[in-house]
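Shared chain: chain A. Partners: chain B in the first complex, chain C in the second.
Showing the complex of A and B:
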């Protein structure tokens, strides 16, 4: 299974990419643990998560081809 | 009548002539008695002695489109409005230029004023849009909404 990772703003800068593809991760905590180990800057950054464009709160199951977005605090307007 | 999938994002600053044209278009809708408009302008904040000269806006477009649609539906349900238009910039907008334009039209002023205020607050809080402040020496920092 594959998970599409999207990142924005300061998170995209930390990852040096706005899109990543990960495989074999069946929940959001696993993805976060992995990303934080590869990109330690994420450990101190503030961001929320959206799965398939819906904000989530707490660990969430992922299925093949889901899109997980890392969203730093919004600052539009 | 709620128009779906309206285009919100415009590239660069929102031009004053565009705002004027939008108002002009409403002269045919003669049941409108009040327009309330909000214009967000990029401010030249001084941050640690450095002046903000522009903001570079980016967004999670697919999610933002859904969020704007959700806001429109909720506002139309809550207030008796004739129409509602939201425009937001993407890309670079210089200090002094307009980056957000909300135009709410109603039969009477009260609902137009209340709805417009609520829309602006919801956009600031809920729309997945990010502003990167650009300083005179091209250094940058991510904007924080207060």
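Showing the complex of A and C:
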């Protein structure tokens, strides 16, 4: 089972990549726990999540080949 | 009947069969407010004015600086030190003298926003800080105005359309569905700190103008309930659907009076050392957690508090208890009317230390009154 991770802005900087491939993660909380343990900067960072191009508002089940996007807010103009 | 405009000026877009005279008339009768005449505002304004949007408002309190010229395309070296909104209006008038441009050389605040936003059909947010962005978002929700959101940082930008009631079958979403609470300053840097590639706001601001034109004329598919992100470096676009959040733990204004009393700078963590918190802000602090609530009234004083957990340390003995409470990161003191709780803060500050201290404004009486009002409104 593979999950595609897309990251943006400050999150991509913390991960040092705008795309990642993770395996054996069956929900979004597990992905977040894993990423926050490997990239501690994420622990205090604000970002929102979209699964397969749709915003989610809580832990969401993931299946093979799903795409999870990590999107931080921007304020610049 | 005399036509409202010169056909020649708009000939290239009137030629489009989806656009035609009908869309042109809609643009000429439309009104758009552009918040901020900066990196996003300049290109958005140029295209809206050129396209013939009949009534444009520009609000910006700032003056032109040399560091703006890298991306703010309406300004030149001669304009440095002059007010952005005024200079922008002069340049835009030379592009298209047929349209009406209103200049607001003031800071948009929650005291003037209701009145100014009410005068326009469509709002474009080209501001550069979260305090203004959350305020504009909340105002557009309450006033039911379509909001074309745009924001940039470093090499990436975001565009979205909120509150566009054009599709009644869909729920309308707002920025708070994406980010219910503002991030703290260190979590989300500004362009002043983190930088921005000059061409990026040009692209995002132009996309905002395109969305406004689609909303007004009804052509194409605006980004209703969607956010589009763009990355200059790898040319990637990412579009996703925004769904309504059921998060009810965020305190947001629900009417004009609450909006005008809402402290956006405090809400966005800009004003850090403010000591007094309103009843709603007190509730928000408690929900965020990590806060110690202390009743500094004497034992037995009324009204009794059963609604939330707290410590009881009367002001008369607080000096002896300082060590017990000074390792808490945040403390809110309350008393009957908010006077003794302010004295408690002074005592804490006298101790030094790093505890963030707040006093409940108007005391427990004001809080209970606020609670009663909420229960009444729900009934």
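Following the convention adopted for this analysis, the second predicted complex is superposed on the first by the 73 of 77 C-alpha atoms of A that agree within 3 Å, B and C clash if a C-alpha of one lies under 4 Å from a C-alpha of the other, contacts with A are read in each partner's own complex, and residues count from 1 in each chain.
Please note the rule applied: a residue touches a chain if its C-beta (ideal position, glycine included) is under 8 Å from a C-beta of that chain, and two chains touch if they have at least 3 such contacts.
Note that the structure is predicted; figures quoted are calculated from it, not measured.
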Point to revise | Touched partner set for A:57, first chain B, second chain C, both or neither | key: second
Review point. Should A:43 be classified as contacting the first partner (chain B), the second (chain C), both, or neither?
Key: neither
Exercise for review: Give one of first, second, both or neither to describe whether A:9 is in contact with chain B, with chain C, with both, or with none.
Suggested key: both
Check your understanding: After lining up the shared chain so the two structures overlap, which partner does A:72 touch, if you call chain B first and chain C second: first, second, both or neither?
Key -> both
Check your understanding: After superposition on the shared chain, which partner residues are touched by A:27: those of chain B (first), chain C (second), both, or neither?
Key -> neither
Revision key, fill the gap. Partner touching more residues of chain A, chain B vs chain C, is chain C
Exercise for review: Would you mind listing the overlap between the chain B footprint and the chain C footprint on chain A?
Suggested key: 6, 8-10, 50, 53, 69, 71-77
Review point. Chain C touches which residues of chain A in the complex?
Key: 6, 8-10, 18, 44-46, 48, 50, 53-57, 69, 71-77
Point to revise | Parts of chain A lying in touch with chain B, wherever the complex brings them together | key: 6, 8-10, 50, 53, 69, 71-77
Exercise for review: Enumerate the contact residues on chain B facing chain A in the complex.
Suggested key: 40, 57-60, 62-63, 66, 88, 99-100, 120, 123-132, 142-145
**Study point:** chain A-touching residues of chain C, taken from the complex the two chains share
**Key:** 36, 38-41, 125-130, 133, 150-154, 156-158, 177-179, 181-184, 186-191, 194, 196, 201, 227, 229, 231, 234, 236, 238-243, 245-247
